[in-house]
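Below is one structure, written out as structure tokens; comments come after it.
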Amino acid sequence: MRIFIQQLIFGIQLGSLYALIALGYTMVYGVLSLINFAHGDVYMVGAYIGFYACTYWLPFQRLSADPHATVMNIILAVVVLLLSMLLCGVLGVVIERFAYRPLRNGLGITDAHFWGFAIALPVAFHFHLFHRLSDGAGRFLFGIMWFLLIGMIVGYALRPVIRWISLRTVLSPSRLNALITAIGVSLLLENGGWLVFGPNPEFIGTMVPEKNFKILGGVIINSSQLAILVISLLLMLILRHIVLYTRTGKAMRAISHDIDAAKMMGINTDQVISVTFAIGGALAGAGGMMVGVLTHVQITPLFGLLPGIKAFVAAVIGGPGNIPGAVLGGIIMGVAEAFVGGSSFSTYRDAIAFTILIIILLVRPAGLLGRNVTEKV
Amino acid sequence: MRILMLRVIAILVTFIGLYMLSQFVTYQMDPYYFQVLIECGVYIILAVSLNLINGITGQFSIGHAGFFAVGAYVGAAWTMIWQPMVVERYSFLQMGTLHGDILNLLIALILGMTSAGMAGFVVGLPSLRLRGDYLAIATLGFAEVIYVLLLNINSVGGARGLNGIPTLISSGNLALFWVFLFVIISIVLSRNIMQSVRGLTWLSVREDEIAADAMGVDTTKVKVTAFVIGSALAGAAGVLYAHFLTGISPDIFSMNTSILITTMVVLGGSGSVTGSVIAAIVLIVLPEVLRFLKNDRMVIYSVLLIVMMLTRPQGIFGTKEIGFPKWRRKQPKTEGRSA
Amino acid sequence: MKGTYMLATGILAVSLVLCGYGCRSHGVKIGGPGGLQEIPVGDFSSLTGDTATFGTSTHNGLALAIEQANAAGGVKNLPIKLYTEDDQSMPDVARTVVTKLITEDHVIAVVGEVASTRSLAAAPICQQYKIPMITPASTNPAVTQKGDYIFRTCFTDDFQAAVMAHFAHDQGYKRVAVFKDIRNDYSIGIAKIFEAEFTKLGGTITGEQTYQEGDTDFKAQLNTLKGQNPDAVLIPGYYSEVGTIARQAREIGLNVPLLGCDGWDSPKLIQAAGNALNGCYFSDHYFSKDIKDPAMQKFFADYKAKYGYTPDALAALGFDAGNLLVDALKRAKSLTPSDLRDALATTKDFPGITGKITIDANRNARKAAIIMKIVGEKKVLYKVYTPEEIDQ
Amino acid sequence: MATQTAEDGGAIRIMSVLEMRDVTKKFGGLAAVSGLNLVVEPGELLGLIGPNGAGKTTVFNLITGVYKPSSGDVLFQGMRVNGLRPCRIASSGICRTFQNIRLFKQLNVLDNVRIAAHLHTKANLLDSILRNNRLMTNDRELTEFSLMILRSLKLEDVSDQRSSDLPYGLQRRLEIARAIATKPRLLLLDEPAAGMNPQEKVELMELVRSVRRDYQLTILLIEHDMRVVMGICERIYVLDYGELIAEGKPEAIRKDPRVLSAYLGE
């Protein structure tokens, strides 16, 4: 019984995290019907921002008995959380602006891409140097930089050609295009991650004090886990408020019902979609940061892959586009994983996650809480 | 009769040409290039077969690596596990001689294709209920389930996979022959289906399922058939991969591979067989050419992918084909003459 | 049909072009007998990907050994040229790059891979082309069983697992649980031998749980293990997960010592684990700062001077593999792969810094293993096990 | 061939082509169609009218199997067809056009018709793959048949254009051509005149008449434009809120007070 309750608690903790990431998937799916594959990688970037902030950017003190330092560290950790949310929100908007919007509106490659590239380059360069030079493997560095620079110039010169291709051939892009673009963005973030953050796993040391609480009959709750659970719930409540009671939230819901009608009602759909990506990115950033800082798992450029997929599965189980569904799906995934993980079938954990998914899809093709939209004939 | 004659000659020329090609190449060619060439062939089969499901029938399947894996493992299981069990009783199955090797390869192919086809049938069934993204997720899920199962089945090596699968060496010179035979089979099969009136009904399922249904197209049958044929071809690709690159492990059949194959189809132009072939070659050769860039090549690759999707969402070839006769254009002309 | 033919012709043309390309490089490389300007040696390592740190270490060690040998005048008055390929931590890429090394760069020996999965993928190819392959750190026994051209300069998992079993027994643990990485052959192999050996020594395996490389949440499995009340838990995995596992084990109140193997050996282990690994043990190659051996100390200094940081055991193993290869090249009757193979096979008491290396009949090295203990945030040498002790 | 079946059917069994018996369709709690009884006699040209949202298209969807009736039966030539899949119903001889045009957009005009004509194919998939004589002959026949239909609907000039590139009026006509190519017994036209100018509407009326004559069809037609309906239909059903409120000859319907009130409001 103790083990049962303990596993249930683990499941809910894990599930709350999945739910947090799943919300980003589900919101984007709601407004755009797009599976934003890159979302898991935004989560990864959130963890890296946590790592850099904790290790290099902010004056964290070594944990000691000094209560002053402890309080300082906790305040700083909150700052890191907000910073991570901010930057990941921005990243979400950037992804939407540079990859999905041009595809959606049939704009192709625009000038903005080149300027965006020109700004992103030095930033990537900074991180790249930061890592490679310290372990003496930065030999190809300048070669690569020149390669990219030349590529940029040549690309810029080739703009008329690109224009020409774009103007001649842009059709209404299919879902498949959107999906492949999303996969491309995901690959870019992962492989850009290798380049920018380096291939070695990073770890964030203990930044805030941790404590185990024993509750009824030996069930243990860890303070960090509790913090993750509480912050996740808090963020979900804030999200709920935004979606239900603000103008933007109403606009989001309008768009998810019918984007064309929303446009005709004078809603600036591009702007609302940007906000959606910002919120999704911020939630993923918060998730990544919390996992990195509070559970000290290894952070690699592939950090977001597995949680991303699982959160995505959670979103689908709940019904993509449905916000309570994402939370429900996340919790189901988390609990199922905890119980399977603790059983003798633990090796089949991921298979079982997907089996649950397939079964639920077959029984309820639009997910547990999703609306089953029949096509009008 | 003349058509029959022509066809027999065509098939003979194909066989002899492929045979000579593979003989010549195996003696002359660096094994490294040879390996890349085999890989190219295998991925062409995969891309063309996925194109049948995804491009032609419009069923959003992105778990093709699952079928690839089923074919590869079942084929390898024959040569490494089952064949040694039965060879004592049926000595004609002995490997090492030309006919023995060919026989074993054929058995492996049949087993691999059948089991992959059956998997395709099972996966095709949800396609009756699920549309678009949901089907995509279900197929991806299927591929992941296969992947996890392979990791956990010890008799096929678990995470290590199966290494040192017999190349069936006396037919080893024929590796290219077999691979490109299947390349041609899959291309011709796609083309023939697409150009018949029955094949048009497959396209109609892609274009508008409800209208197709109303025109009497048995959409259920079309979808399941597309899945079965597509996955059986992927199974064949798996068998060839396992036997001519001599090693398989679950990692080869991970989600990345599924995504790679999907990318080939979309990049080449969803629905275009020519496009799938070209894209498969490009996506296999390009990373090899860019090998000197080490990890950065993947960055370039992903940027290219995004740029491609933004500027040419319909892929390199759109739905056009190169080298397919314009049979449809001719038809009105004959009409005119007879009228 | 016409279309098919155009296509087939296209394929033919492409393959012929590729073929011609391949042939040309053939002609250039094998200039003529005795025309060697250098001794080409191949190296495939995981410089990127999941196990990039390991690959980088062995590669650096190997490169240092070759550099020192060339500085000392090379072998038979020829410099050694190291061709390095990155396999991206992927077995299928390993297969491709090894084929490339052998057939494109015409290396006469291949050194490579830490991870057994990749060595196992590459070994059949080296065996097929009869090019000696030396694996510096793949501990899976199956690697050298791939053929008579495959050598190993470290101990095997069987030995390592047996050492851990003996150690667990010597520490007085009666009940040990096992937590292994299902995607990692290394982990599975050690778990299996450990279980057999430990049971033979009279211990009990209380249970087995699994995780997957890349997982971040292990609490469910650990909680199950905790319910079985073990005296210790064996985690034969890589440091990248072990740190997290240790932390989560302490979080859920599983406070018994954790036991590990050479996969734990990384400077990042402590960073990952905080103080959660205090009082835990792992077996490692005979290499530590605490061993007062002049050769080892010199290696520390040289490596630090060249790369800017202290080497780990894998770097030392790479270094030893390089030196062993150089030694064999010197002893070989000629610079052909088969003579090199014979020279390698007859290596006896070669003074490597990670212990004396004697290649046995199965082409494995018989070397001692050490047990490291983690005290606070430091790793200290705790015990040494020689092959003879384990054999008894 | 179409002629033959129609004649045979007519000669052997004198029965209604289509009969809907007390058909009800509910979406959630809402009845889109309730207790509908409807009979279509062979060779008739029948109109189905009603204000917006009266459930006309739902009736079509019920007949063609897109929806299954919540209760009641749909009989086609005396056989129950409710519960059958749409493709089975289509191949048994009911074909329709769509209110919001649903052509196979990326395919050309000829292919659109050939897809519908595939119902008469004798070659199976294996023939397609082997591309044998049977397939070649069969496909040639189907192509000729399709071209014939295109010609009779004056579409042969655009036969190799992409269907989405056609002007609106031609797209509507192609929908009819496509439906005819399945050789139906009963043709359902869903607002064929929607979006057409008066000139085109006159042409359309002529076209519907000639199609009925040439292919021996029974036609059930939904239309908003009273002039079209009154001009060509022989009998009219009027639906309002899913219920049948009137049935009869055009002249009678024109004067029916219930119809007037349904259209003009109280």
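Letters A, B, C and D mark the chains in the order given here, with residues in each chain numbered from 1 onward.
Keep this in mind: a residue touches a chain if its C-beta (ideal position, glycine included) is under 8 Å from a C-beta of that chain, and two chains touch if they have at least 3 such contacts.
Model, not experiment: these values are computed from the prediction.
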| item | value |
| --- | --- |
| Greatest separation from chain B - chain, by CA centre | D |
| Closest chain to the centre of mass proxy, which here is the mean CA position | B |
| Distance between chain centroids, defined by C-alpha means - chain A, chain C (Å) | 35 |
| Whole-Å gap between the CA centroids of chain A and chain B | 33 |
| Centre-of-Cα separation between chain D and chain A, whole angstrom | 50 |
| Residues of chain B engaged with two or more neighbouring chains | 151-152, 210, 294-295 |
| Per-residue overlap in chain C, given as positions that touch at least 2 other chains | 48, 182, 212 |
| Residues of chain A engaged with two or more neighbouring chains | 194, 199, 347, 349-350, 377 |
| Chain B residues within the chain C interface of the complex | 6-7, 10, 14, 17, 21, 24-25, 28-37, 151-152, 158-161, 163-164, 176, 180, 183-184, 187-188, 191, 245-247, 249-252, 274, 277, 281, 288, 294-295, 321-325 |
| Complex contact set, residues of chain A against chain B | 29, 33, 35, 99, 102-103, 107-109, 140, 144, 147, 162, 165-166, 169-171, 173-177, 179-181, 183-185, 187-188, 190-192, 194-195, 199, 309, 312-313, 316, 320, 347-351, 354-355, 357-358, 361-362, 365-366, 375, 377 |
| Residue ranges of chain C touching chain B (in the complex, touch as defined) | 1-8, 10-12, 14-15, 18-19, 21-23, 25-26, 47-48, 86, 88, 90-92, 95-96, 99-100, 102-104, 116-117, 120-121, 123-124, 142, 146, 182-185, 188, 212 |
| Chain A residues within the chain C interface of the complex | 3, 6-7, 10-11, 14, 134-137, 194, 199-201, 203, 205-206, 210, 212, 218, 220, 222, 224-225, 291, 295-298, 300, 302, 305-307, 337-343, 346-347, 349-350 |
| Partner chain A, residues of chain B touching it in the complex | 54, 60, 62, 126, 129-134, 136-138, 141-142, 144-145, 148-149, 151-152, 210, 255, 259, 262-263, 266-267, 270, 293-296, 298-299, 301-303, 305-307, 309-314, 318 |
